[in-house]
Amino acid sequence: MASVRLEHLGKTYRGGVNALQDLTVTIPNGEFVCILGPSGSGKSTALKLLAGIEEATTGRIFFDDQDVTLTTPERRDVAMVFQSYGLYPQMTVAENIAFPLMLRKVPRAERARQVEEVCKLLGIGKLLRRYPRQLSGGERQRVALGRCIVRNPRVFLLDEPLSNLDANLRVSMRQELRRLHEILGATFIYVTHDQDDALAMGDRVLVLAEGRLQQYDAATRVYQYPANRFVASFLGRLPMNFFSGALETRGDLVMFRNADLLLAVPDGKPPVTGTATLGVRPDAISVRSAHPGKEAPVGFVRWLEVVQPDLYATIEIGSHRIIAKVPEGEALEVGQPAYLHFNPAKLHLFDPATGDRLNPAPEEAAPAGTRRREALA
Amino acid sequence: MGRKFPSPAGEAIAGGAILVLATALEAVQVHYRAGWVFWLWLLAVIAGLTLLRRGLNGVRLDLGTRVVAGLLAVVVVAVIVVPFVLVVLVGSFQSRIELLSGPHIWPTHFTTQFYGQLFNAGLGFGSTAASVYGQAYRNSLIVAATVAIFTTLCALLGAYAIARIRFPGRGAIHSAVMITYMLPGIILFVPLVGIIKSLQLVDSLPGMFLGHSAIILPFVVWLMVGAFDAVDPDTEYAARVDGASRFGALRRVVLPLILPSVATTAVFAFLLSWNELLFAKVMYISQTPMLAPTIVNFMDPINRIEPQLSAAGMAASVPVLLLALLMQRYIIRDIGEGSVK
Amino acid sequence: MSVLGVRRRRSPSDLAIKGEQRFYAGVFLLPTALIALGLVAYPLVYSLLLTVRGAGDLPGELGPWIGFSNWTHLVGDPVFRQSFVQSVMYVVPACVVGVGVALAVAVVLNQDFPGRRIARACLLIPWALPPVVVAAMFEWFLDARRGLFGAWLTGLGITARPPDFFSGIPGTLFTLVGIHVWKTFPLLAIMFVVALQYLPQETLHAARIDGAGMLHRFRYVVLPHLRPTIVAAVIIELLITLQLFDLIYALTLGGPGAYSTYNLYFYAYKNTFEYQDFGYGAVLAYVVSALVIVCALILTRGRAARSQLAGG
């Protein structure tokens, strides 16, 4: 078990490709951190640098305050699960798991005992004599995990291990991984492009885009209080609605205004004036059939779509197309007028130039590392 | 060897130092001809390289492995190239005395006289052999080129049929091809010569052409079948669904894809014919000398003139080396892919 | 095509009409089939007949039936036995050393260093060179009195006098094996180099992270991956070496002594073209062919069977 600290970590490949730039992060001991990002964001690069199979161009890596930047992978005491598992095809499951022990000259009886213990933990005892090609994806993945567990490493690295599994299996494997994390108590670093993975499993989430850190925060906060426009648009099952406009004061309130909208912004002390981009998630907007009303935006229903378990409508107001949630019991038809109600607590403001968040997030209520079971609203 | 070195860089420097020192010592001892020093040097080299590799690997990831591999690669290339360059390439430009006196990187008295002797009739030593060489060179060129083109074309069509068309007996023919290409040529020779004799084509270019085609064809067909197997048939089906005929689909869709393989196959066929010894020798009586047997005649210990032999070998090597150089990327790919399947 | 005029679009099922298949097959195969039948199949049969009938009086004619005497002669012929044994002596070291060297070279050339492309291209040189040129080259290079290699050996003090590579028994045979390996290992090395490019990187990384050093990685990741290629390389080297002729003919003509560098192929040549004993020569040719086919079958079947057993 070890804490992991990265200082200005960067990697440029031959030919000038900047895979990772200036990543500085501290991951406390025993945490489950998910590195989330689209393809090309540098997340796999970061993992390879952590494992030592690629060499950093700049920066350093510390495990428990020990500089391991130049240590070869064989000596770093990390374990890694690969996307295609990386099992040794000519060895049985038992031999695969025992391999690291064999390299360390652990005597045979002790090897067998440890292998059995690990298999009991993962539920693969029946597979000991089989070969990797005879196993299903989920089984192979457990063998790969077993090979890692048996080493009792300082850090567990996982490179999109669930991406080759079908949907049902993914859900159950997520729970399995969290369970393992609880039992083993080690530091887990998990790379994925799937936000469901990240939000379901991570204590903290590290969002990367184009090689740069976007946000490093508890999972709920990354969803509820995205630090910039990229994070806001990347997370969320449906795309966030964005509006450009300006901020102005009206008495005590700060208002967001553009050609079609005028909304009161939540009291989070944003800068009082200037242009801004407003971001609202579809499930923070509810749409109803139009009644005459003074301040609710009125538009027309253009499209209806079921995104389980809710119904969403695309509303056209002026030049905007807004996706909003249809509350239960509301009956809408395409073409009819409708009005939108924005949840004032869930409005995000971003600087139109930099994309950074303008209305600051509230202080953290609970320390990171606590497993959160709140529903993501 | 324990971890005695304070830093990887230190280890690397130690390794390098061992290499340099040992080689210097070895160079000195050459004077004294103490053979056992050589073996010590070898051990030192192994130790030095190991240290160098480990040390450099600590400085940068995999740097040591790459450096040592580069050094070893120099050795490999030297083993391949040195005999050829020194004996054949350089030797062909040296005078006889100079060649006999030891290795030179560059001939001190550069001369092309032996090439002249080879190709011109009636000049210098062994004049009767020289002009024959010129003829043999020309003959082999003609035969190899025609055989290459002809067998590749035949094989192209035949292999297409085997690989793509479902016809009765296809499996049997495929197996037959597999077996025949492995057979030693000698089993065909006597009857083959007999057939050619009955056609009155012995000792002639057409006869040589027929013989070589017979020997080389099975191998070429096998190569082309492999090439077709590597192409996805779906592209072809798509073309034919769109209305192209079989020939049309073959021409427009498949051919561009396998063109490199066709070229390398032709090169293989050329090589086989150009290098072929036994059949060429058997067929030759007086009219149609071929290259390989002629070179063997040059090796006759009584009549041998070393620089001339080098020149003969060099001249014979140039076409095939050029071909290999031109097509190297594709040849390497085809040899490798063929074994992966 | 144009004769039929404009029609509905062809569907794939149209293309599967049997008659059309056969027609096209015939057309495509015709040139190859002609040559194959006339110049390959017929000679094969003829050779077989030669073994039991001997040659006739006129060239190209078969003689009368003489029974299996040519075949039985094999059993008692000491030269045949010696040639057979020596063929094995050629093949086994060539395969072992050739494949071993090729493997080592491929591993080295698989690393990433400047000039790697050039090094790989150099591998083609021995492969492309005519065997007779290689023979001439090494005859001079290894010459006992004036050859460069001998001069180097004595210069370094490894030997007192330049060794005579072409006069020992069985030394000369192994010299030939060495020259043959020089000529053929690059081909095998290329096969391995390409196969190595398909090495699964993830498994390699996993082994590193598990703590496997270079040798362990080679043994547990690289070697298992290369197994099929190694088998293929052994087959190829075996086939080539069984048919080794050019080097023997150019360098030793079967000597020194009576038969010390003979192999079966060379003995077949001797019988056919020097002693003019066509019947016996054909027998020997068939023995070589049978060996070739049997070895190839064993090795390829072995590969197929093994993968069948292991698969699930």
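Some observations on this one:
A, B and C label the chains in the order they appear, each numbered from 1.
The rule is simple: a contact is a pair of C-beta atoms (placed from the backbone, for glycine too) under 8 Å apart; a residue touches a chain by one contact, two chains touch by 3 or more.
Remember, predicted model here, so these are calculated numbers, not experimental data.
When chain centres are set by their Cα atoms, the one at the greatest distance from chain B is A.
Simply put, of B-C and A-C, more C-beta pairs touch at B-C. Centre to centre, using the average C-alpha position, chain A and chain C are separated by 57 Å. Computed centre separation for the pair chain B/chain C is 14 angstrom, with centres defined by C-alpha atoms.
Residue numbers of chain A whose C-beta contacts span two or more other chains: 52, 72. Within chain B, the positions touching two or more other chains are listed as 62. Within the complex formed with chain A, the residues of chain B that make contact are 8, 57-62. By the touch criterion given at the top, residues 1, 9-12, 15-16, 21-22, 24-25, 27-33, 35-36, 38-40, 42-44, 46-47, 50, 59-60, 105, 108-109, 111-116, 118-133, 135-141, 146, 148-149, 151, 154-159, 182, 186-187, 190-191, 193-195, 197-198, 214, 228-229, 232-233, 236, 239, 242-243, 245-246, 249-250, 265, 268-269, 272-273, 278, 281-282, 285-286, 288-289, 292-293, 296 of chain C touch chain B in their complex. Chain contact summary for the complex, chain B toward chain C: residues 26, 29-30, 32-38, 62, 65-67, 69-70, 72-73, 76-77, 79-81, 83-84, 86-88, 91, 100, 102-103, 153-155, 157-158, 160-162, 165-168, 170, 173, 179-180, 182-192, 194-195, 197-198, 210-211, 213-214, 217-218, 221, 237, 240-243, 245-246, 271, 274-275, 277-278, 282, 291-292, 295-296, 298-299, 306, 309-310, 312-313, 316-317, 320-321, 323-325, 328, 331-333, 335-340.
Partner chain C is touched in their complex by these residues of chain A: 51-53, 72-76, 78-80, 82-91, 99-100, 103-104, 131, 133-134, 144, 147, 151. For chain A in complex with chain B, the touching residues are 52, 54-55, 70, 72.
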